[in-house]
Amino acid sequence: MRRFTAALFLIGLGVMIAAIYQHMDFSNTALNAGQAINSVAAQETGAANFVTSVVLAYRGIDTLLELTILFTAAMIGGMVLGKRRVDAPRDPDAGFILRTGADLLFPLLLVVGLYIILHGHLTPGGGFQGGVILASAFFLPLLARPGSSINQDVISIVEGLAGATFILIGLLAMSEGYEFLSPLFDKGELGALISAGSLPVLYLAVGIKVGSELAGLLAHLAEAEAVD
Amino acid sequence: MSMEFLDGNTILYSAAFGLMLIGIGGIVISNHLMRIIFGIALLEAGANLLLLLSTYHEGASAPIIVDGIIPAMMADPVPQALVLTAIVIGVGILALALSLAIRVQRAYGTLDMREVRLRLEQEICDEAGIEMPSSSEKPAEVIKTPVNSVVQQESGS
Amino acid sequence: MNLLVLMIALPLLAAFLLSIIDRASSFAARVIGPLVLLATAAIGLSVWSQLGDAPQAVQWGGFQAPLGITLYADQFGLLFALAMTIGTLLLWPRSTGNQLRSSSLALLLAGTGSGLALSGDLFNIYVFYELMTVVSYGLIASRGTSGSFASTLRYLVISGFGAALALAGIALVYQATGTLNLAQLAQVAPEKLNNLQGFAAFVLMLVGFGVKAELFPVNMWVPEVYATASSRVSALLAGVVSKLALLIIMRLLILVFHQPEALTVLLVLGILGVATGELAAWRARDLNRMLAFSSIGQLGVMFIALSIPGNAGIFAALAVAVHHLFLKPAMFLLAARWGGSIRRLCGAAKTSPVAAGLFVLLSLSLIGVPPLPGFWAKLLVIMPLLTLDQPLYYFAVFIILAAASLEANYLFRVVMKLYDKQPTAVPHKAHATADLATAVFLGGGLIAAVFMLVPLADRLDSIAAQATDVSTYIQTVAPQSLEGDVQ
Amino acid sequence: MTALDNLLLISAVTLVIAVLAGNSRVGGWLVTIMYALQGAALMMMSGLGYSTLTMVQSSFSIEVLSQQLLWRFDALSWFFALITIGAGLFCSWFASGEWGEKYRDNGGSLRLFHGALALNVFSMLVLLASGDLLTLFIGWELVSWASFLIMALAGGKAFGYAMRYISYAFAGAMALLGGLLLIYAEVGSFDFQSLKEAVPTMSSATLWLLVVLLTAGFGVKMAILPFHLWQAKAYAETPGPGAAFLGAISSRMGLFAFIVVIVQLIGISRLVEMKIPFTFLDAQDLLAWIAVFTIIIPTYIALRQHDARRLLAWHGVGQTGYMLLGIVIANDLGSAGGLMHVFNYATYQAMLFMVVIAVIHRTGTSNLNKLGGLFTRMPLSYLAMLVGIIGLAGLPPMNGFVSKWLIYRSLIVDGSPLLFLGAVIGTLGTILSVYKLIHNIFLGQLRVEHVAVREAPLSMVIPMMLLAAVVFVTGYFPGLVLDWTSAVQASIGIPVLAHHLGGIDMKGGLDMIWIVSVLLVGFGFGTLVFFLGGRSKRVHQLDNYAGGHFLTAETRYHYSDNFYPGLMHLIGPWYRNSFEWLERGLISAVDTLSTAMQGLYRNAHPSYLLLAVVVFALSWVIV
């Protein structure tokens, strides 16, 4: 009965959405804050990638908060899943090819991840994307050898420090007399690797934090004892 | 139906709304918590797409300074940044939901929403030292025959 | 430069570093959280003292609105930011196994709550809200029982559903206006959002943010969560966090959504919340869930108050919210030792006379017995409702009054049990000193309010007036126009 | 500092002393003296009772939510305050002696008892002093919760009854609040005067709503039908003199508020204009009939009680009907009768409760089936009860006769024979049940276990005797009280009853001095004949025989069980407990709803409801 009425409601919702869509106005898509940012971002932040400017400068606090969400989720995940019993059964190691592949891929993923993070202000990509690749670099060996484990203590120190760095850079701006999280340092030449002031530093912190957070979360999930 | 009705906008928006509707359907219709969690993920994906589409116009270039592209030709970078944020939030919550689901499965042996609810009620009542109120929804049957046993086998590790 | 951002940044920083500090010295890790909150509370108070009639706007990163994100500090927002900080300080979680993580979560909660109260950007509000949600999952689950995990998961499902809908609502708003800055939205809303799309966005955001504000029908998580979480966490969620979600809805109503239909939706959902909550509380057989249901009813009254157009509605909702802010945490703290079946409470007043007396005081104020503050708050809600002269508003008054009668009945059933002369077989445990002291402090606040009624009402009135002053909001933030940039 | 400030201050100090010193040996006496001081302070305003003063303001006033809260006394407040303080004085006196010691020995807290009593008096004075509708409500709530406190003191069973009381009282208060705020919405002020000016322009529908809400609110406190169920049991279980106090004055607060708002501000003449559609009745008739049924039904319920306190308490409910009836009729006779009945009733009800409590003090029971023959052991208490029941039954020469006569007379003048008939039926029931009371306690055969019973201690007897004197004197010289009621009539805008010390001047009027003097002469003559004429022999109670057998102390020839079997056979089937049934029905309705809501919160699929709400809200706007 509930499923039936729920399906009816869904159809109703679809009809409502269609009606709303009919009334939507698409004429003024150019009149928005993003276009305003496009026209001033190059001077204000010095980053060639405007998405990066938005993520780290214009909406930097959002980014800080989403890092905090990841941090919190990882912390709660650890709290919920708890410590593994010592005698809990583990999956056996993967086969030779997967293990060797993982060993080979590890440095490659590390390099690619760092590259994407460091070029975040110039090209598509950045701390989040690179951070995920970093996380997978550390997670892959875990899949290949379920018996091994990631040192959660190191991860918690790294994530704490990376997050703190982000905030400290923001506070540094305050101590210089600007607002919290204002871009700092010399903006350099638009499009160069070393440019855009403090943004690459922030992205590095983001990348490391995302990498460690995700690696920690995935490791927690992988470590979780299997249900009998 | 005229062809101009099926322009690019309509197709893209249909995709976004469609994803949302499928997600909502998964949340509302299914009883298995894993399906519900995936429903939320789908719904989020739809909402993200909707956000991306909010200032979409055809033919815009990526908002990155490349020779020959002036800012007016670029796409709006704000929704892209927002979606990036929203996706990461979604990932965090998804991971959290999965960790909780693992613990609930371990404690109650089921992820059926109705059964989890009953076991939860039972636990609260036991702790409080009161009798469990009789449920109007035929509790005995629900406990004996887990509806989604097939799904459990699929999703259980 | 403004120190206000430290109210948000410092707790986050401390939360990040807490586990590292713990490695160096566990004592430092224990004290640093409360110290940081004391410092942020002091910052908040100093800003409050210099605020006066002129709200302040701070741009994160120094970018001009609407490009950057605005932090808007008026007395209204700052009041709730302070409530969040001081409330967390008073209700500092005590977890047996997870003290370090609980402390981090509490710090995060204080920081996010302050940010949520002060934020002037729609998407930023969403992010703060999501962070606060995640933190509250953690706080609930920190009790570590399987019940707390299950209730968190069920809470997560409804909350995640709502949040995704709210995100879709934000997308609709951005599509229509091209901005997320609340001040700019306030400028363009009458032209661009006073339509079907705007209403749809409102409904989606209402159900999304309403989850935390215990709005009917997205409040089904309330009884099970408050029954499974620890008392201090329940006190925080019911007392403080729900008010912050309410604050978001108030802000959106004042600045962005002006449809009369929006008010009617709030009214209907508020009435349903009061009716279902209070009726369900009437039969609750354990104190925690009784308080949870009554909290749903109280929040319903706030939604009814919000549905009153104009300044009077915000004033009334603010008064009820502030009253509830003092009252519910104290009640949940008392329920820490009195949780479980009400029948077990027989004769508990003998063991803990202070707590029992306090419970009577709180009950009296909750049901609105003059001259306690609860009465005046209720009066503020009902008086404008009746002047609106519409059947639905009359019905709301009837529901509020009938609900108060039910409340009197079920709360005094508990009081009767407390003072019952036949003791139960199980001896009663006295309250923890910290719990009782905090509850007494909050109850003392209620009594003090009786004597400061006039200045308090004036102050709340001026806060409400400042909150509803849209033109000051726009002038203070002064977003640059989007039209000029395109041409 | 005005005289009213003094009074309220002394009353507050009384409360403080009661709380601080209530447990000490002299505490009770201190408090009693304080009540006397309150009486003296009230006398400083006695001009109010004789129309030489119209109003005494309190200098204390605060402004909240742009409402000026005022307190003041007028003739009506003064009259009720006189009764309140008098009841407080006598009850506290009664409680200060042996009763208090015994109460403390049995584990009761005298501090709480005296504190609760003083709180009741104080809150009633605050209510009586209210100068606008908001202060009226504040005072109202204070009184409600103060009575709740004193009712709940006994614990155990009393908790249940007190709980029932507060459920009724709070629901009533909410109806009242709704009514008052409706007035505010219509008038824009809580001021008495603005309401009075706005009444003529109010629509009939609004007025009906107002009258229903306010009458329900005030009616719960008065325990008029159909809100009468809570009162008797709650009062009966209140410890000792507390019951006497509550019985004497507490529920009169409802009548006071009724007079202020309905009679004085809305006006009975406006009620007459409010016709009930499709009938020949109007709002005044409706209230009068409610009053008559409030007389009849509780009085006959009282007839069935076999606990002395319950019996008296049920009469308290019934007698309220007389007062309300007189006041609703609202001509000079009726309102004077109703107001005077408030005073009269307080005097003998307090006294009767005191006698019953004295009996409980000595014998340990108030069960009418386990008493009897106490006349020889407690003659002074017997005398007090005799005076009291004559008053309660409304027979000369006691004051109850005068007030009832005035009410009957007003019904006849008003041309309402059916109402008159109803009132007379009520009086018949009263006479029957008070006879049961005195017979089963004092007359007949003394029980073996009560042979050693002594007269009540002086601390109890003196208040009883003083009250008996008041009952008799105000019956002899009703003009003493009629002076006050006339002042009240003048202040609430009702025609003033022309009266003199002995009664009223009119065709077919009443002169109690004459009537009582004739009665006294007759009694004196009879006594003379008794002592001089016939020769009587005093025999012991047990020197008696029946059916040829001598009786011993063990033989029960005095039966109190199944009193009035013939009458009960006749009217028994009428007792159907319909109101109890209604009350239970209401409770089970709430219970069912509550279960359903709990089910909703437990079983509902929240996401499903969320979806439904979104769809409904959108479709409401789109379609």
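Labels for the chains are A, B, C and D, by order of writing; each one numbers its residues from 1.
In the analysis below, a residue touches a chain if its C-beta (ideal position, glycine included) is under 8 Å from a C-beta of that chain, and two chains touch if they have at least 3 such contacts.
Just so it is clear, the structure is predicted and the values come from calculations on it, not from any experiment.
Closest to the middle of the protein, by Cα centroid, lies chain C.
Comparing the chain pairs A-C and B-D, the larger number of C-beta pairs in contact belongs to A-C. As a whole-number value, the distance joining the C-alpha centres of subunit A and subunit C reads 30 Å.
Computed centre separation for the pair subunit B/subunit D is 65 angstrom, with centres defined by C-alpha atoms.
The centroid of the Cα atoms in subunit A and the matching centroid in subunit D are 75 Å apart. One finds 46 Å separating the Cα centroids of subunit C and subunit D. Each of residues 595, 598, 602, 605, 607-608, 611-612, 614, 618, 622 in subunit D touches at least two other chains. Multi-chain contact residues of subunit C (touching two or more other chains) are listed as 123, 127, 130, 134, 137, 141, 149, 154, 157, 161, 165, 172, 174-175, 178, 180, 196, 200, 486.
Within subunit B, contacts with two or more other chains are made by residues 24, 27-28, 36, 55, 72, 78-79, 82, 85, 89, 92-93, 96, 100, 103, 113, 117, 121.
If the chains shown are joined wherever they touch, the resulting network links each chain directly to all the rest. Of all residues in subunit B, only 9-10, 13, 17, 21, 24-25, 28-29, 55-57, 62-65, 71-72, 74-82, 84-85, 88-89, 91-93, 95-96, 98-100, 102-103, 105-106, 156-157 touch subunit A in the complex they form. Taken in their complex, subunit A has these residues touching subunit C: 16, 19-20, 23-25, 28-37, 39-40, 44, 57-62, 64-66, 68-69, 71-73, 75-76, 78-80, 156-157, 159-161, 163-164, 167-168, 170-171, 173-174, 177-183. Here subunit C touches subunit B in the complex through residues 123, 127, 130, 134, 137, 141, 145-147, 149-154, 156-157, 160-161, 164-165, 167-168, 170-172, 174-175, 178, 180, 224, 227-228, 285-286, 288-289, 339-341, 343-344, 486, going by the rule given at the top. On subunit D, the positions that touch subunit C within their shared complex are 62-65, 137-138, 141-142, 145, 152, 155-156, 159, 162-163, 166-167, 170-171, 174-175, 177-178, 181-182, 184-185, 590-591, 593-598, 600-602, 604, 606-607, 609-610, 612-614, 617-618, 620-622. Put simply, subunit D touches subunit A in their complex at residues 605, 608, 611-612, 614-615, 618-619, 622.
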